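Chains: A, B, C and D, in written order; residue numbering restarts at 1 for each.
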């Protein structure tokens, strides 16, 4: 089933009660259109949302530290306890050191939650894949928030990422992101070999978020 | 009223359901002993705790960013929406760049939540005070988690911090931390001019957290 | 004497042999126009330049660590040994944690070299001044590299920075930067109470760097 | 030929004139014992050392930025201009974000200098290898500076690193580090499949650095 991950970032339209409202729309879409939607709200919103919806709720970031003296860190254990089923790691707006990406993946694995490592090109996608997260999501930074879909602007980065991951760690799924908004963008992304997409502003800043999602999921493989 | 801030860090004994249990004990102590207790759990635990207890709930960290494309950041707006009344900033386990401390304070002020900036010596206490947070909490890093109370091991750092803050920004309250566990530590801290303490492992890792807190609050000024 | 600090950044026009050439021009200007010029090249260029010119050579960044296991850090001791007379600290392109700014200043003081802490507004200028570096250089980030001089676009930030520093640490000199290029910009900066300026692209990217500097120094107080 | 990389860190015994002295010893050893020695002094010392000795001089860190507004960064171009032939990247004392490791390797490749990416375990070694630096150097952090050689304490991390790199990027050489001091440590490291070692305190803090190096190189493969 096509995987659609909606990164709520810290937009006003996806914070607090707005986050809950948007997550409910995503749950509707997930059920009505047979796609697997994942919502990634801010950490402070995870508890309420994970109680309210049945689709998986991911964090946007997790630190690779465990129980102990780690003030201000986001632990996999606390995410799990709050109902999260996974986390983005190393998003371009929250880059991590290589050793910390590895530690975050390990911490999530131990807590029993999934991981999506974000990357910026084929080389870092290969690197991330060798760490064996559940997914890598390749997003050329210059296209993030641009409205220009990576699947059109730079199909090669997706194709080569898929090839590299297949060679290095074939169990890792490849998502692509950056500029994805419409059904045709999603369709193109899937045709390039990705198993789904990571998206944000195209949906969250849309006048009608539900309609934007309905447009998007028309791109799902039949 | 004496201010006692309990930093939950990411200890097992203060994560998830344990965090809720500990916050309830703190609420009891606050009411029974007429002290102002503040609990600072992990972000993922703030919603549940702030609904369950009446004492203020603070975050352990907040980023100085607003609504927008800031994946993986903790915004003051999201903390406020989750019921937080304030945040620690720049704890020694989560240091921030100077300009970001300033931005975090500004973001909290705009969201209407309080700020405690942690510092490591008299110079950085002075610096933090010029940014006019609600509180600064001076904690010599070598004493954090040591069990050796700053109020005994290095009373000068507290006395001089109080003097410096009085000169630079007299409305800012001075807390002290690091190694504070017992009633006598608290009493010494208050006698040195602080308005309260920031503490963590001494209480959280105690065999009996309630008893540890009861011992601590015997140090409150009568 | 008016202090003019030229930050070489990592521009092609101020790297390697180009850095040496530019430093020599600055030395000429310093002598011919009775201003105190300071050049801040990349670390790798400090040795050659400090042997070749008599004006002070500063680093663009220094870490607050001493002798020991600190791979990849820039120590004050190594700068001093290479002939540097000071260092910028916390430039907007190389921000540091508050405690590290303090540690860098302390390390430079121990090594006997000068410090200029860069700041972005009045609040952080006050904070930096309480750490008692030799200078603070206030640069509103939105004006850096803009060609719009801070002394015109935002004179208030300079005036209030000067006032704040006078109150908190009167021995600290205030420089201003961002967008300074011409003599009139420098004159305005001095009239607002600063003791000099920190500049970069306006000179370095000029077609004729010597002429650009000659234009600039016409703004020196007579 | 066996590769021996000596990381000077910021030790007093390898800063300034001491760095030059030590580099000269390394040059002697390199010539007298037919090993390939590389010295990695602090950036400020590179110019003098690279003029004085014929063995390759590496930096301890390089930023993945080019010409431009990057105050306080270490560019590959400036290292090259100062005579450096390569750089360590991502040492455990100077960890970098994944995307920045990639950018640093790319910048060095463009400047025509070599790269050694440091890693902490088999997973991050695999990740680093997919970025195709010239070398990876695996160093379990808990053994760095311990005097306990990785080749004895944890031979598996070396063996598996060599295997992983062979599979992912066979042109990348594997070094190992942490705790290496004596000839037998080096011999064991080579027998495990590494092409050389990265070392520091074992030599630098030795009473007689030359003797320590002479002892070390007895471990070279005949």
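Going forward, contacts are C-beta pairs under 8 Å (C-beta built on N, C-alpha and C of every residue); 3 or more make two chains touch, one makes a residue touch a chain.
Computed from a predicted model, the values in this text were never measured in an experiment.
Because chain C and chain D share one sequence, their contact can be compared position by position; here over half of the interface residue numbers appear on both sides. A rotation of 180 degrees, rounded to the nearest 5, superposes the Cα atoms of chain A on chain B.
Distance between chain centres (mean CA atoms), chain C to chain D: 33 Å. Centroid to centroid, with C-alpha atoms defining each point, chain B and chain D lie 42 Å apart. Look at where the CA atoms of chain B average out and do the same for chain C: the two points lie 36 Å apart. Shown for chain A are the residues in touch with two or more other chains, namely 92. Taken in their complex, chain C has these residues touching chain B: 90, 92, 95-102, 119-121, 123-124, 126-132, 164, 168.
The residues of chain D lying in touch with chain C in their complex are 7, 9-12, 15-17, 42-48, 59-61, 65-75, 77-79, 81-82, 84, 88, 91-94, 144-145, 200-201.
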